[in-house]
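The following pair of complexes shares a single chain, subunit A, combined with subunit B in the former and subunit C in the latter.
Up next is the complex of A and B:
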């Protein structure tokens, strides 16, 4: 009989071992701790935005009815929208909704906030993804060329160019690009947006200028960062010395040995950048008339549409918190020398 | 640059002595050039924006007559021409730069004082006070800053002062983080321990011991941040806030020029060029100073 139970218990034992390994894994414990710490941050962010919107003069009822509305009309609409309830009650109701998966309805259009997010977020994500793609696709080869010959002609030129690129405001770049490519050369559309469903090529054509406007600053930032990291790897690390001593060609050491290690650092910075990037999409979407989340946010602030603002701020904050967490976790997985779990100071 | 301790120099990697000395002299010369050139540029920009209107014959940046509108560059009396309502463009650039620089300076000054204080207290005290302060800053950093700025500027009404308040939500948390990290580095050094053992009071520690050690770093980062704040000021103008027209700032000049981009691109390009040159100067200065600090 024992022979027949053995195959049964073996997977069980294996599973138990897998489970205890997982539970005891410092990375997992680190992730759980960070997720728990993220809860008060999200709480604070949403509460703060509630306070800010609440302290603004005027509310949605007033914005909806306009200046001619009588006080009794405003009073009635406020009661209808639930704006007459005490401040903390409204926040509690909203919070309760989030936990049960309802982000509420827009005060001005009546649309559910969830559906607004579902229709606008992909647009912004596509823009951000293109910006990242543009910047990373160029940053890696340029940084490699720089690190190949530090202080060479290519290195100096690209360092000068990247310093200039870092100093250009994204909206200035957007206007210059529109002037050159849309007004003068007339090869790309100046404003507007075509959903990918209505023609992928048109969709991409409309995205090029906004994505480059956001991406150029990132490109310059990543190039400088990656170059510095590559140089550090090439100068100080034992594995580089080993590879060289084996007779691996310098270019191959750079692309196959140093780049692999430097990319880890870059990935974490990319994740950390996401928050700042979301802020700048607001202005770029405004200039190019792209119906993304930033555009929606500006409109919602104008209308004092608190549920929409809260929903967008909540999603932004979740993205920022998760991106920061992903950066830390990636770093700890990719570089096992880094030990988390206990503050070092 | 401090000399490397001899035990750190790996045999065979260290260059010959005279070669090293020559490289050091050249490096020092070059690194000081990397600070002096942008510093002169920054001083020049400040001089042009703040002193020229006092001594040179500059017409008022607002209240021009519509009869003089859209004059081309090099018109008599209007060196860079006039804008759509007849204001002198050169004068608007000077006064616009003034207000952009004033805003950025005020924001960074508040950032250093408030953020530096918060960061130094968090770093020095440690423990639960540190974690509480850092969590609160996390909230501010996770909060989409532009939303807060837009909301504040809308609630208080667009004005120069309110723009400064709104932009402080960027500078204070960022400076506080840097101040905390810098404070953690100096906290356990011998002179700090000695000061603590001799019973120095906390405010005195802060002013006499922590501040002088973290200020150089904070100032360097503040210079690098000047450019970002000037760019953000313009971003606020784009969403209809920031410095309210007709008073000029580089940001609102660019935002206003957007509507006549195809017919009169100079209304975008002139303030954009001024903004770009200024931000480059600040970035080069900050970068030069930072590489000097990190080299030590």
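Up next is the complex of A and C:
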């Protein structure tokens, strides 16, 4: 290596050393590689949705103008909205807008897609977060209780409940919950959403039923998955035998040893579930009248509002990609043996 | 004690508890809604168009939440600007609350003044002069005068939106001769103009100053009018919160402090929401099978229907360019039986394009071919190759049942029918193709000359018509042009008889809708009967109140 360059000053040298350590970080290189791989994924997803929307009968002009529109009026509005351009031209125009930071405007309301996402995404995020919180907060202790005494009373009851929960569709469950808790018991509202700024307790009250509608199926699934994983750990692993031999109490073996190893499977499933969860919000937000991104997507599909649909699909795809990436990074934190880029034994 | 035995005991206890809970909930009656209402003894539900007014002294104040069906009245994706709201006809509740109306329809189907005091035709109906109420102000403090109306009307006509007024003769001028008058001059007479206002966005006057200051995009989200309420917040097609307009021209109105419109998924969800106490009114309940459940808990008022279903026949191409084929359809259609079997005799079978709630209603049309299976069979046999029909309509559960019933009835006469249900886009494509044969649609309106009225289905120039008959065109246009109601009545009677004589398409019955309110809430059009000018009857929200 040449040594003809003058020596760096101390701060510069420190910064250079930091940068080279960072650039050399296998985890960071892994993250960058995954993000680069996400680009063709995002391209494919948005292109596919564009193809599907283009294949449906009718377009935004017909939907906006309604049954009374004459063919010439539809033609005129199509030209105005740019719907008469070739399919690939329209897709390229949209893609170009995304690259330059403009997601376009809604064909129905004229609002910018960006402002729609900014106002509606937090509502859906809150709902999804509640659903996750509900499902995970209950799944872990229930799975632990089941694994503590396999085939015991708690385990069998949990299995019955899980089978029932997994058999019911979220939208059916939503209607049952509304009937029981809103109509009969009158303790929770049937529809609507209150922003947190207008009352945190009211905000939470309005989210309970929708969050449970989405989260109950997840709770059942996570419980069974985690329980099975825990049992596998408890029954088959040498470190469990060692811990017991050392006199560690069974409950502590479960919570401090087996649980940590069992979380890998759960993390994978949670990340993979995010896409499905976002899909559920479309129906649940419509049932409960929640002004989130799912409801917006349904309206946009109804109105053939392609810019809004593409914007939402794009955001959903980004979220799923990032969630899967986060899951992978979490693995390396939980398991020191996994350090991306390092040779495996 | 072994785990197995403990589990079986626990399961047995759980099963018993579940059964008890199920029995208790099945036996429990539904709760009546509670928020901000005063309880009323018993059920005061009304059952027909001749229901009595729910009485009670109006109590000023209170917040009312009204449900609107998502996808129809609960959808305003293009905002609430009269010039650009493509859903304006469906969003009458919201629009009337914010803008008020120049004229409105009241009990008995009378057109009464609101922001406008009178409408006077002259020059044989070619010119109309609208006189406004004095000293009107928009909620932003600016004046609602003739110039503001002219500005709005010109903007409405210039808008590319299909919400712009249609069915009017060519316009020569729109002027404001004085501060409180507006004059519109047509190239030809239009005797129905005042009625046509009720179904047109011309009836809603927006503040021109607010449009200019806010810009059109912002204005459509938070519009400014002179109606009883002002916009507090607007989440498109989800929730619209309105506050009382302190400068509303009618002293003492509106009674309510806050009026909130919320979109709801369907009639079933609306029922649950009302029972849960999360809303106090629902406008436009349209599922006949739910009526008894609504009536059990709420004041449920059937609004007079104005648009009957009809079977449109494309008389330009085979098979219905053949009179025998058209007559066969008439004779094979037993509307009374369908009403009985599908809707429990809830609706009035009609023979023309008007319905009991509308103007110029004729229960019997002389010469109308009524159901006669033998005649139908005989006619089908006379048609070379028999009669096979492609029959379509807009997809919905009610329409599906309707189509299947007609298919079965026609089969008895030897008519082979294939049925198709389309989305709105598909439906339009069928008409545009001009190759369609028969369609189940609604025809007529409160006033045959207004909105989606007679002309929409029977005028030669309409792309959605199956009839191309200059004589019928003359009658339809003549009925609109005549200023004298008696003359209009005579012309429409002739048109109904002409359609029957030429078998242009049989009529069935109009489906009604119901407006629902919790006990302790009352108002014109909500708990009383007012005909609908377009599908649903919008209550007069400025006069809706809780009762003392």
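One rule holds in what follows: the second predicted complex is superposed on the first by the 293 of 345 C-alpha atoms of A that agree within 3 Å, B and C clash if a C-alpha of one lies under 4 Å from a C-alpha of the other, contacts with A are read in each partner's own complex, and residues count from 1 in each chain.
As a working rule, contacts are C-beta pairs under 8 Å (C-beta built on N, C-alpha and C of every residue); 3 or more make two chains touch, one makes a residue touch a chain.
Model, not experiment: these values are computed from the prediction.
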Contacts of A:179 with subunit B and subunit C, given as first, second, both or neither: both
Query: So, A:287: does it touch subunit B (first), subunit C (second), both, or neither?
result: both
Query: Where does A:26 make contact in the superposed view: on subunit B (first), on subunit C (second), on both, or on neither?
result: neither
- request: Kindly classify A:299 by the partners it touches after superposition: subunit B alone (first), subunit C alone (second), both, or neither?
  value: second
Message: For A:151 in the superposed arrangement: first (subunit B), second (subunit C), both or neither?
response: second
Partner chain(s) touched by A:82 [first = subunit B, second = subunit C, both, neither]: neither
Task: Kindly classify A:111 by the partners it touches after superposition: subunit B alone (first), subunit C alone (second), both, or neither?
output: second
Query: Once the shared chain is lined up, is A:62 touching subunit B (first), subunit C (second), both, or neither of them?
result: second
- prompt: Is A:71 in contact with subunit B, with subunit C, with both, or with neither (first, second, both, neither)?
  reply: second
Query: Which subunit A residues are contacted by subunit C in one complex and by subunit B in the other?
result: 57, 175, 178-179, 183, 286-287
- line: Listed in rising order, the residues of subunit B that touch subunit A in the complex are 126, 135-136, 138-139, 141-148, 150-152, 154-155, 184, 227, 231, 234-235, 238-239, 254-255, 257-258, 261-262, 265, 268-269, 272, 275-276, 279-280, 283-284, 287
Field: Interfacial residue positions of subunit C with respect to subunit A in the complex
entry: 3, 6-7, 10-11, 14, 25, 28, 30-31, 34, 70-71, 75, 77-79, 86, 160-162, 166, 216-217, 220, 235-239, 262-265, 269, 272-273, 275-279, 423-429, 432, 452, 456, 463-464
- prompt: Where on subunit A is subunit C touching in the complex?
  reply: 57-59, 62-71, 73-74, 76-77, 80, 106, 108-111, 149, 151-153, 156-157, 175, 178-180, 182-184, 186, 189-192, 286-287, 289, 291, 295, 299, 302-305
- prompt: subunit B touches which residues of subunit A in the complex?
  reply: 37, 40-42, 44-45, 48-49, 52-53, 55-57, 163-164, 166-172, 175-176, 178-179, 183, 275, 278-280, 282-283, 286-287, 297-298, 301, 309, 312-313, 316-317, 320-321, 324, 345
